[in-house]
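Each chain gets a letter, A, B, C and D, in the order it is written, and its residues are counted from 1.
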Amino acid sequence: MGFVLLAVPVVAVVLFLLIRSKKLQYAISVSASTIIMIAAALLTRDVMLFGVVEYSALGGVFYIDSLSILVLDIVVIIGLMTSIYSVGYLEEELKHGKLDPGRIRIYYVLMYSFIFTMMLALTVKNMGIMWIAIEATTLASTFLVGFYNGKDSIEAAWKYIIICSVGIAIALLGITFLQLSSIDVLKGSQFLDWTALYNHAAALNSSTLRFAFIFIVIGFGTKAGLAPMHTWLPDAHSQAPSPISALLSGVLLNCAMYGIIRTIAIVNRSLGSSVFTGRIMITFGILSILTAAIFILTQKDYKRLLAYSSIEHMGIIAVAIGIFTPLSVFGALLHMINHSFTKSMLFLSSGNILQKYDTKEISKIKGMLKILPVTGTVFLLGLFAIAGTPPFGVFSSEFVIITAIFQKNIFWIGILIAVVLAVIFAGIAHTMFKMFYGTNTSAEITAGEINIPGVIAIVVLFVLITVTGLFIPNPLKELIEKAGNIIIGGQV
Amino acid sequence: MSDYLDVLSVLILLSSFILMANKRTKSHIRTFRIQAAMIALAAGIMGIDSLYKEGQFDLLVVCAVIIAIKVIYIPHLLKKVDANVEYKVEKDFFLNIPILIIGCCFIVVFTYFSISTSEGINAGTLNMRVVNSVSLILIGLFFMISRKKAIGQIVGFLVIENGIFVTAMFATQGMPFIVDMGMFIDLLSAVMILGIMVFKINEKFKSVDINKLKNLRG
Amino acid sequence: MINVVYAVIQIVVLVLAAPLVNGIIKKVKALTQKRKGAPLFQMYYDLFKMCKKTVVVSDVSSWILKVTPYIVFSTAVAAGLLVPVTTLIQPGWFTGDIIIVVAIFALGRFFMMLAALDTASTFGGMGSSREAMISSLIEPSILVTLFTIGLTAKSTALFPIMNFMKSTGTPLIHPVYIIAFITFFIIIITETSRIPVDDPSTHLELTMVHEAMLLEYSGRNLALMELGAAIKQLVFITLLVNIFIPLDQLIGVAGIAAVAISLGIYLIKVVCVSIIIAVIEVSTVKLRLFSIPNLAALSFILSFLGFLQYFVFGR
Amino acid sequence: MLLTIRNMGGQGTLLFVSILLYIFAAAASLVLMKRHKICNIVSNTLCILAATAGIAASIIEIFFNQALTDIHIFQSTIPLLSIDIKMDKLSAFFVLCLSVLVVCVSLYSIGYISHYYGKRNVGLFNFMYATFILSMLFVMISGNAVFFFIAWEVMAMISYFLVVFESEQEENQRAGKLYVIMTHIGTAFLLIGFMIMYSYTKSFDMFASSAAIPPFAKNIIFIMFLIGFGTKAGVIPVHIWLPHAHPAAPSNVSALMSGIMIKTAIYGILRFVFSYLGIQNTWWGVTILVIGIVSAVLGVAYAFVEKNIKRLLAYSSIENIGIIFIGLGVAFIAQAQGNSTVCALAITAALFHSFNHTLFKGSLFLGAGSVHYATHTKNMEELGGLIKKMPVTALFFLGGALSIAAVVPFNGFISEWLTYQSLFATITPGQSVINILSILTVAVLAMAGALAAASIIKLYGISFLGLPRSDHAAKATEVPGIMNIGMGILVSLCLLAGLFPMAVLQGIDKVTLGLTGLSILGRLKGGFLLAFYPMNISGNAISPAVIVGVLAGVILTVLIVIRMIGGKYIERKYGTWDCGFEALSERMQYSATGFSKPIKIVFKALFRPTRSIKIEGDLTYHPESIEYTVSAEPIFEKYLYGPLVRAVKNFSKKIKFRIQTGSIHTYLIYIFLAVLALMLYNRLS
């Protein structure tokens, strides 16, 4: 299964390079992501059955356990939704002459190599290769960020690639230290092998490991959008085409976070306590939440606002990881899922809004509930959801996380987060809610939905996050618990 | 043998100082080329050593790749980019040279202060090399901060890459082979993409002064 | 059964004596102004006459205007029933305390103010808005005073209170009660809309408050309103005299004779108080509307002071 | 697993039925979305049935059930999240209030919503309406804090959507925004409270003991709950959303919001502070008492100067919540000082007033809705003379007005009387602060009472009496009978509760018994006629029914006597006295503004009125038009919230560009510094 999983995107890319017909490309894209979806589902089943799926090929570098499958599934589902959405999206863009037909294939080539790199990062056990894959995600997505070749998008792309490459480079330094710490424990073949590191964690050189963690958390933290390394995020998310923003925010951040989590699993296991990592993660987390709050309060561009809210949620996840109790880790993983779905849903809807109104400025948008009945409603409810209002998914995971914080009796963090979340909600309500009401003035904007496949994708996502608000299916729960168990440190 | 390597690591560090002192893009590229050459040399030495001891070709291959990519191709590419974009920037650094150099010295001291004492690294020569190469990385970052021009930033990024590579090589006889290769591929494509980006920036902003990229704020 | 008799006696006394008070006050005022003045029983004649007259009703008005007189009158009487006049034997089936007395009067005032707005007349609106101001300003001191007295007597009901005051003999010596007495006097003047708060004998729109609300009534409605006002005034005076000056030791003893005697004493006290009121009326001028708050504030401060005297300074 | 029943009983079953019916109502309104009329009738009928079931359930619970109803619906796969339903007598009492109100409001809605047919999405509205009621029901019967919290949040969200339902007016949007922000911030405090509670007891069960919580933590939790619930209750100073949100919503929703939604906060305080935490400090009660005083007097003061009918009623809600808070404060003080009888009495008073306020505020908002329905305006200055156009509405409205003015024989007076009596009982020689506070409370209550009466007189007199001030009012016609039925039931309940308070007290006493473990019913002698004051003091008693009887008797006698004296009643219609001006027009009547002017002048310091006079043409003799506008200055918005919000916004605006400068070099510096900082931290740790 795993090979299908990785092969399909590659094949798709090749096909895109060969085939010119627009229709065919759409077909390929959708079917490819569907196949990936199925493969992933089967793979998930295997993982649920055997706990771990490993392949002997390429020196047994491929390795999938419940943690990676969890994130992988997110990637796959969001990927599918995005590809469905993209069809309508690109059609609209063509209709308005925003891009010439030739670029569609570039779009797809880049998008699928992007997805491929992310999936690669999630399916290997060698930290070095994981690093390479994550670095590759940056390279693959740079031109997607700069896809429209406008002044702003070029600027965003430049900032994106420079900052992320630098960050990632520092992560590489961390990985070097990781290897250094294991140098007199492991043999040449198992260098940087995550399982090996994990199993011999106790024997690793702890002081070197601390350095490794520092550099890795900064490196991958940059990619995960933790403040103060988050600076690329709002620019990139607001400039990229909406489906890509959905991918960036819903998936890429998780992949980076996944790298951090893997490292933390080793480090805490080796140090025997989560104090060192905990402090750092909580600091970064709270910094991110506060930064996001400040920026959301008076935001004028709705895509940027969504981007900042991603920073906030990454911060929450970071804090939860830093708390490092079973409950908090459970919450963190659950929050990853909920945030990905909610946020990508919002970004996809924002794509529709952007295409309808042709502006990113909140103040220029009026009467959305009339103009875009479905998208508008979903977007409004989605805002409530992302701000942590029940009965939506984000609430349940945030609730679990905050409970975990208080369970550990770290009051001030919990109180701070609770208050800042309320402030963020106030910010969102204050800045965004005026978009939905009133009557739009401009004549050329006509009522009615655009991008029907996209709307379907959005609604599906909305149903998902509404369900996860009150309960999650048992298999998923088991999966999350297993993954959490891996992080907290049971034997693999 | 290890004396050579010590000398080399110091020289590499020095080269970064020189880089920091260079004013012109061309000289940036030249200095970078020298640095890369020295790294290749170090890799070569270690490679021969390991071939002699364990009969492994990895490091030699790596050395060859370095020469191919970092010494020959990338500088060439950069030169081309440099030639094709026109500059309007006169002074392309924020602080003047002496202060920058002093900053570099501080970085080295700081790195020594923060790394050398931790056991596991403070093992004789390893200690010094790691300190050198880690400070090389920070200096690279510092270089990126200090330079306005796009090319300068690329070079800084490359220096960081060098630093990491050197760290890996000195500290752990190089990463697993596959990882090294992957790194090089990434590096290569990164530089290409950056090159293209530089062109685009140049055509959109009529300049490669990164300091002009300030539209996306708040 | 005997209770019913007492209750009936009480009603009769109130209804009959109420106009007399007005008469006395008018007479005293006239005499002090070296006039002969109207006969003592003038108001009775007026009332009779009004009852016979045709009722002129504004064509704007609604049923509110017609029911109001009856409600005002009956509330005055009902409130009067709750205040012991000549006997302390309490009608068991009919109970209430000072709070409900105030509330019953509030019902009357409610309809009076409402009806004033019913005729779309400017005077009515003016009167009722001013009444709103005055009542809301004086209300606190009423309740605080009554509460203070009630607290000393450990009850908010009037019969126990008066029993208690009787047992204390001469309450006016006590600091709490002397203050309460003064406050209550101010309250009476305000509630019965007399000088210096309001001038019952004016019809000048600048100064009218109570009269402004009565403008649109005529015939028997007017009679009821007037009589109701008079009864209200008498009830307040009764509260004053029977609480603070329980001279008549006979109160509380059953029997018609006893009642008769205490009735006599009661009437004497009422007459005295009416004379005092009259004297005040002739010796002061009406306050400006917007200096009434000062008077209200004064009375509130006094009532509060009285409270402090007992419950904080413990004396 | 699904549905383990610990103790169901008939009431549990009924409760279940009512929940299901509400769900059906919601579903039906979605299904029938296209067919407006049918959708409206069906869903409202279902709501009425559901509410009836709710009434039955709560009455059984209050009067006949001993143990608490306890149904465990399902344990979610998400940790800590489970849906339990527990109904003890306290919950049942509030469920009763809710259900009674819902029956009437739904009846009313059947007629009221008809003016949305074809114009708005009736299906959506009814869906939200039913869900809103359901969420409130869940708030009252939730068995653990998490479920309570969820229901609470959903209630807030849906009520927000209902507030902005008529979203085309700018002000409704603003009102909704303000509301949702305020309530959400309040909720954050609740969350913190629950969390601290959890961190000590390791459970979210609010029926368990709170012994594990140390005193200082209890204080913190109390403050959190006070802010959290206070915001929802709309007490000053966190009231600012209320006078905007309640008028903005459609009137039947306003009735629900003012009538029962703000009571959920009272329920919360009783449930979590009184019943769960237990009162440990006197200052808790004192705080609540002070808040109550301020809310009572300021609320009614603002109500008095208001011109918008619904906003006036909203402000008066603040006042009534203040009165309820006074009752609670007295109760808490008494409890803290171990005077359980007074505590029980005060709780009774508070509960009784909650009940009464539900009835009369509900009816008044429905009345305001009818007025709006008939005249399409909420502004008093455009109304007048409606008593002739819509007599039934006018009659019922008068009933509501009388009970909110707390005059005999309506229910408003009974609860205020009980409050007075509890204050009377609190004052005992030797505790100066409490005494002074209590007597001040008495003064405030008196003043608030008078002002409340004045403001409702103003409302009624200006908009129902006199001459119509605009065509809207002149063309008004009586509203559909069904609306009046809904309103009428509420008003007659007001009257009945006022005449026979014992009937209600029977039930409330059981609730008090459950809360304080002390019954005052033993001291409430006199069957259904009298309410005796419980403190073993002779005489403190009222007998509203008898008093009404006496009033009737007196009136009857008077009629007879006058008939004897004056003969037959002859009436002559004639114009109002106009000083011979001969052209009395509606524009010469007293306006709402004019009516409230004296008070406005007396309390200048509070209202800070700002006047503006626009005169066109020749000023001295023949001005063409004189426009006089006076507006009271919203102190809290201006001096408390305005600066706060501005400060936060400016901070954000400033700092935003300092952090996200747009220069990539700055960003690289961040990374650089982060690396250095962490290396330093590692070195030093």
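Structure notes:
In the analysis below, contacts are C-beta pairs under 8 Å (C-beta built on N, C-alpha and C of every residue); 3 or more make two chains touch, one makes a residue touch a chain.
Every value quoted in this text rests on a predicted model; they were computed, and no experiment measured them.
Comparing per-chain C-alpha centres with the mean over every protein C-alpha atom, the closest match is chain D.
Chain D has its Cα centroid 36 Å from the Cα centroid of chain C. Centre-to-centre separation between chain A and chain B, using Cα means, comes to 31 Å.
The geometric centre of chain B is 70 Å away from that of chain D, both derived from CA atoms. The distance from the centre of chain A to the centre of chain D, each centre being the mean of the chain's C-alpha atoms, comes to 44 Å.
Chain contacts: chain C has no residue touching two or more partner chains. Counting partner chains per residue, chain A shows two or more touched chains at residues 158-159, 162, 166, 170, 210-211, 234, 295. Chain D has residues 656, 660, 664, 668, 671, 675, 679, 682 in contact with two or more other chains. A list of each chain pair in contact follows: A-B, A-D, B-D, C-D.
Those residues of chain C that touch chain D in the shared complex are 11, 48, 51-62, 64, 70-71, 73-75, 77-78, 81, 90, 93-97, 99-100, 103-104, 106-107, 109-110, 113-114, 116-126, 128-130, 132-133, 135-137, 139-144, 147-148, 150-151, 154-160, 215-216, 219-220, 223-224, 289-290, 293, 300, 304, 307-308, 310-312, 314.
Within the complex formed with chain B, the chain D residues making contact are 656-657, 660-665, 668-669, 671-672, 675-676, 679-680, 682-683.
Here chain A touches chain B in the complex through residues 59, 61, 126, 128-129, 131-132, 135-136, 139, 142-143, 146, 149-152, 154-159, 161-162, 165-166, 169-170, 172-173, 176-177, 179-181, 183, 188, 191-192, 205-208, 210-211, 234-235, 238-239, 295, going by the rule given at the top. Listing the residues of chain D that touch chain C in their complex gives 384-385, 387-388, 402, 405-408, 413, 417, 420-421, 424, 427, 429-430, 432, 435-436, 439, 442-447, 449-451, 453-454, 457-458, 460-462, 465-467, 530, 533, 537-543, 546-547, 550-552, 554-555, 558-559, 562, 565-567, 569-578, 584, 586, 588-590, 594-599, 601-602. Remark: chain B residues 94, 110-111, 113-115, 117-118, 138, 141-142, 144-145, 148, 153, 210-211, 213-218 touch chain D in the complex.
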